[in-house]
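Shared chain: chain A. Partners: chain B in the first complex, chain C in the second.
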Partner chain A sequence: MSPRASLTRIVRRNGWVIGLCALLGVLLIVTKIIQPNYGAAGFGSLVRAALPFAFAAAAQALVVIVGGVDLSIASMMALTSVTAATLMEGSSEEFAILVVLLVLLMGLVLGAINGALIVITRVPDIVVTLAMLFVWEGAALLVLQAPGGAAAQWLKALIVGTVDVAWLPREVSTWIPKGLVLLVVALGVVWIPLRRSRLGLSMYAVGSDPLAAFRSGVAIGRTKIVAYALAGLFAAMGGLVLTMSTGIGAPIPGPYLLASVAAVVLGGVTLGGGKGGLVGPIVAVLILRLVRTDLTFLAIDPNVTTIIEGTIMVFVVMLGGLVALRSHPR
Partner chain B sequence: MSATGPARASRWRRVLRDRPLIPLIVLLLALVVVLELLRPGIVNERWVANTIKFAIPLAILAACQTMTMLTGGIDLSVGIVATMSAFVMATQVTTHDPAVAILIALVPAALVGLANGIGVAFFRVHPLIMTLGMSLIVTGCLQVYQRTVLATGSAIPEALVWLGTGRTYGIPNALVLFVPLAVAIVFGLRRTGFGRLLYAIGDNETASRFAGVLVWQVIIVLYVISGLLAGIAGLLYVGLIKAPSLSLAVPLLLPSVAAAVIGGTSIFGGRGGYAGTIVGALILSVLTTLLTVLQMPEGSRRMLFGAIILVVTAAYIRITEES
Partner chain C sequence: MTSDLLLEATGVVKHYGAVAALRDASLSVRPGEVHALLGANGAGKSTLVKILTGVVRPDAGRILVRGQARAVHSPAEARRTGLVSVYQEPALIPDLDVAANLRLTETPVEPFMAWVAKLGVPTLDLFELARNLPLAVLRILDLARALAIEPDVLLLDEMTAALPADLAERGLDVVARQRETGRSVIFISHRLLEISALCDRATVLRDGETVGTVTMAPGAEEQIVALMLGAPAEEPLEAEPQRVRESARSAEETPRLRVRRLRAGTKLDNVSFELRVGEVLGLVALEGQGQDELFGVLSGSRRPSGGTIEVDGREVHFRHPADAIRAGLVYVPDDRAEALLMQRPVRENIALPQCARPSAWGPIDMRADKERVDRAIDRLQIDTRAQGEVQRLSGGNQQKVTIARWIAGGVGTLLCFDPTRGIDIRTKREIYHLLRELAAAGSAVLLYTSELEEVQLACDRAIVIFGGRVVDDMSAQIADEPALVRAAYGLPRAASGEAAGGTATGSEAPA
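On to the complex of A and B.
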């Protein structure tokens, strides 16, 4: 295949994501125009604010790809966050390593429970995860009644500041916040091998047509459970990030459920399953956060910001619907 | 075990499948019995009236879920729409006649429903996303609106308090509104063309389109009705709670979905009905009292609430499913 043809293929396949990246670029330029001294520091704080949202969106994306939806992500984040904060309170810095591993494992288990319940009870995903939303939220309240706990110093330092790489010029490295590296590494370690594996392929197969997948010999139940378990793992990462950035754990779930669904849809992962990846939702999270920043710079009332965010979400999705209609007329 | 065992079991199963209300009512009564055993004397006329009073706004919101779920949709904007109409009414009533204020309050509710309907019908946005997005927009609008009416204060008309809280001869007045409404919905779903169209679209949208159904009209009317019902539920609820706030009915959103699901309405569309939903709302209402009586910590209460929703739905699917 000629390089040109393969290039057009890449563009056609990833059109949505490329469009999102372009939109992000435009928004960054707009931000620079609105606020001339916006720079690396601003980008760093943008990434830091976006981190929990990004992990929530990644978790939601995995589940949506297999054709489900997980309403309990914010609750799982709250539960893992308070668990981490409680365990780390008054303990040594080394012990925190153990806590991190334990909490990640806990996320896997929580997610696997969600998935197993869906497969075993045959109740629709949305209902099971709705019920589990209450269960995990209740568990978080049992672990910690009110916001509290602590986080290890090295964990907090993990998302503050920028990366210092010897061979990179200073101008470049100031634009790489540690939080971004953490995000890319944490998601990449799971996602890249998964995407290339048989299991990843099965996930897409189950999402796009469960019956066809079943007849081709895909173990649907197992694939679903794994997807939910990995979503739980990402949610646990999100919970840890919450504890890292605030230094405490809060048992009341944040606004991550809505935001994760919005980012997933904006990011080109269709509800219903079988399409999209993790890059789109992550870029969508950054866009949504940056819009919020811009509106703050413009001294627009934060409440109006909520209206604008909702409107953007609805309009982008409507636009996506129109595009889909044009390309596949019914 | 005798040889007739399995046969009898399957006959039972058939009866339960044809009359899905029976297991639900049995569950409701069982919960009441458990409550009475735990706290003898609690189940009296006053308690029953109270439970019904709190179940009614939930049941109306669950009606929105039932009807939208019949077409394979869902309406996640009902919590904030109910809150909005209650808040708008409470702030407008200081300068307008109560009846006018109520009408003013229902207009935005219908408009939100219209927007949902247009998004779902024309732009083919997934109802989950459309209604979530609208609820974000409404939340923002409501916060801005609150700032503009800070000075006017708020009030709740006598009529709504009477309707929401009052009792006549021990019977909650809210039933005056709810009984005709419930009858209209149950009848409307079972016997009218519009109700049948909802089932048809939920069962197979393409087939109903080929059969000549103007799907977009049905969907738009459906979501407008859903918005209006949510507005009415909000007005009733504020008469019960007597304190308008920006988060008044938002906590009722997820229970309203749960009530419809427990009541046997399939979230994928085409199956279910409103009678089950009403029993589902009553079950949730009794369950809340039960969990309060048990004096558990808040955390375990929520866990138990979630677990029970799951167990009931799973059992229900097992019983009513074709075997």
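On to the complex of A and C.
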């Protein structure tokens, strides 16, 4: 195949993500117009605010790709966050490394429990994860009654400031907040090898057509459990980020569940499963956060803000559908 | 004896709840043979296939592969023991490209591509999403993928059902040549002609039991039909006796449906024909000659780009299937899932087109509804033991429901798109009978069929579409398979006396 044809294909396959990036670019320009002194610092705080949402969206995206849904993501984030904060309170900086590993493992286990319950009991995913939403929330309250705990200094520093790379000019590196690097590394370490493995293919296969996947020799149950477990891992990363940014743990789940579903939908992951990736939802998170920032700059009533956010979502998804319809006449 | 069998299943039993799907099934396949597996719908063929390929587990019975007992628990495991199946529905993952699909099943690419070429698909883009490929190509890819693994036993379930004639021929040829390498094929099909041409032996199932294995020889078809029906075969492939051919009379009247220079999409290009009251008109075409577009336009689900449609002499413009239904044009698709609410009861499925009529507001008249539905069920002899959910009926009974839902309300024109695909012979005959009866009662039927013998079994007249145009119009008497095939490939009609008689009947040649 000619390089030109394969380039066209890359553009066509990733059209949605490219479109989202363009939208983000436009929004950044709009922001600059509304607020002329918006710059690297503003972008940095945008990323920091978006971090927990980004991890929640990545977790949700994984589950949606296999054709499921996980309503317990925000609760898992709360549980892992309070666990980390409690364990780190009054302990040494080195011990915190152990805590991080332990909490990540905990996330894997929580997610695997979700997945295993769905696969073994055959109760619909939406019911199981709704039930687990309450279970994990209760567990979080058992760990910590009220917001409290602490976080290691080095952890907190991980998402503050920008990276200093010797070979990069200062003007560029101020635009690379540490939080963004953390996000890319944490998700990339899991996602990139996964995407290239047979397991990753199996995840898309199960979401796309479970019967055909079964007939192709895919172990459906195992694939689903792995997807939920990895979603748990990402949720634990989100929980850790929460503790990093606030320095404490809060047992009541934040607004991450619905936000994750919104980002997944806007990010081009079809709710039926089998389509999309992680980049789309994360760009979508940034877009949704930036819209909110802009509306704040414009001093618009916060109650109206949510109406506008909802409208944007419907409008963008509809527009995408129209574009897809145009390029694939049937 | 046992040792030289490649695959042997004996005494296989499977119950689903109280229903026995298989009571005592057996099958033995020798190395290097093409073995047909036959049976009416509901006889247990698909259950046996599922057991052989590890999709479901049997309650009892023994399965030997090369003389060794095997318990197969999943399709992946079946593949490792050398048993690969090609199913009726495409098995490629729609959202993955072809290359990723191959990686998923760990299929070697080179032999796969070689088989694809051999099967008659010259160019294939490995990076195209399976979703974007036409159905016929997907079927070929499924077959090529199975062949590339070089299985000892290849299970083919209705392989030719969705293939156009030329690809089907190639596929059958490739299957026949599997013999030379000592591999075996289990071939499931409803097309007896195919089976007698291709297979060495045939095993027949009836009501969950193996009732016999026939060695294919001239005359074996009769034997097979007899075994399948369980009673002496009474003229198995005879045309409907009470056929009425009074086209001379109805030619005077306004036709029920007149299509003039109809165009749609890129495929349908200038089609004209008439459908008269009391007529069953056959429509024959190779895959993708515009028949899908034609039925789409006539049933109101897509808009034509040119031409006119007249119903009872009045020009109509459909914007929505509801418009077509109001004009008395109703559509029976080949894919039953397209027409039925699979999770709802038989009763609701039949009643829906009536109570969902655009003009009907207010509460449903339950009593009238029930009477209509009961009449339809009775008339079609639908087996309603599993009527709670349509999806639990057998394929043949589901197809009957798709027709019954329209009959219940009394219908002007039935547009049937390959309604007998994948249905057993007995049900097929019931459907032909029903179509004739409807026509006799004053309806008109347009019947697209991919099984050419249906034209003479059920129709008065046949039109042939090739390249988006009507290329021939012949009476059923002369529309035998060779004549239809010639026309469908765009060849001129063989010069003979009979041909002249045909043109006289089909007076409306394309303008």
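Criterion: the second predicted complex is superposed on the first by the 316 of 330 C-alpha atoms of A that agree within 3 Å, B and C clash if a C-alpha of one lies under 4 Å from a C-alpha of the other, contacts with A are read in each partner's own complex, and residues count from 1 in each chain.
Please note the rule applied: a residue touches a chain if its C-beta (ideal position, glycine included) is under 8 Å from a C-beta of that chain, and two chains touch if they have at least 3 such contacts.
Bear in mind that the values here come from a model prediction, so they are computed numbers and not experimental data.
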Partner chain(s) touched by A:G217 [first = chain B, second = chain C, both, neither]: second
Partner chain(s) touched by A:I126 [first = chain B, second = chain C, both, neither]: first
First, second, both or neither for A:S208, with chain B first and chain C second: second
Chain B versus chain C as contact partner of A:F134, first or second or both or neither: first
Chain B versus chain C as contact partner of A:I34, first or second or both or neither: neither
Partner chain in contact with A:V69 - chain B first, chain C second, else both or neither: first
Which superposed partner A:R198 touches (first chain B, second chain C, both, neither): second
Touch count on chain A, higher of chain B and chain C: B
Touched partner set for A:V314, first chain B, second chain C, both or neither: first
Chain B versus chain C as contact partner of A:I300, first or second or both or neither: neither
Touching both chain C and chain B, counted on chain A across the two superposed complexes: none
Chain A residues touching chain B - in the complex, by the definition given at the top: 69, 117, 121-124, 126-128, 130-135, 137-143, 251, 258, 261-262, 265, 271-272, 301, 303-311, 313-314, 317-318, 321-322, 324-325
For the chain B and chain A complex, residues of the former touching the latter: 74, 119, 123-126, 128-130, 132-141, 143-144, 147, 254, 257-258, 261, 266-268, 297-307, 309-310, 313-314, 317, 321
Chain A residues touching chain C - in the complex, by the definition given at the top: 1, 6, 9, 198, 201-202, 204-205, 207-209, 211-219, 274-275, 328
Residue numbers on chain C that touch chain A, as the complex places them: 55, 74-76, 79, 85, 87, 89-96, 100-101, 103-106, 125, 127, 132
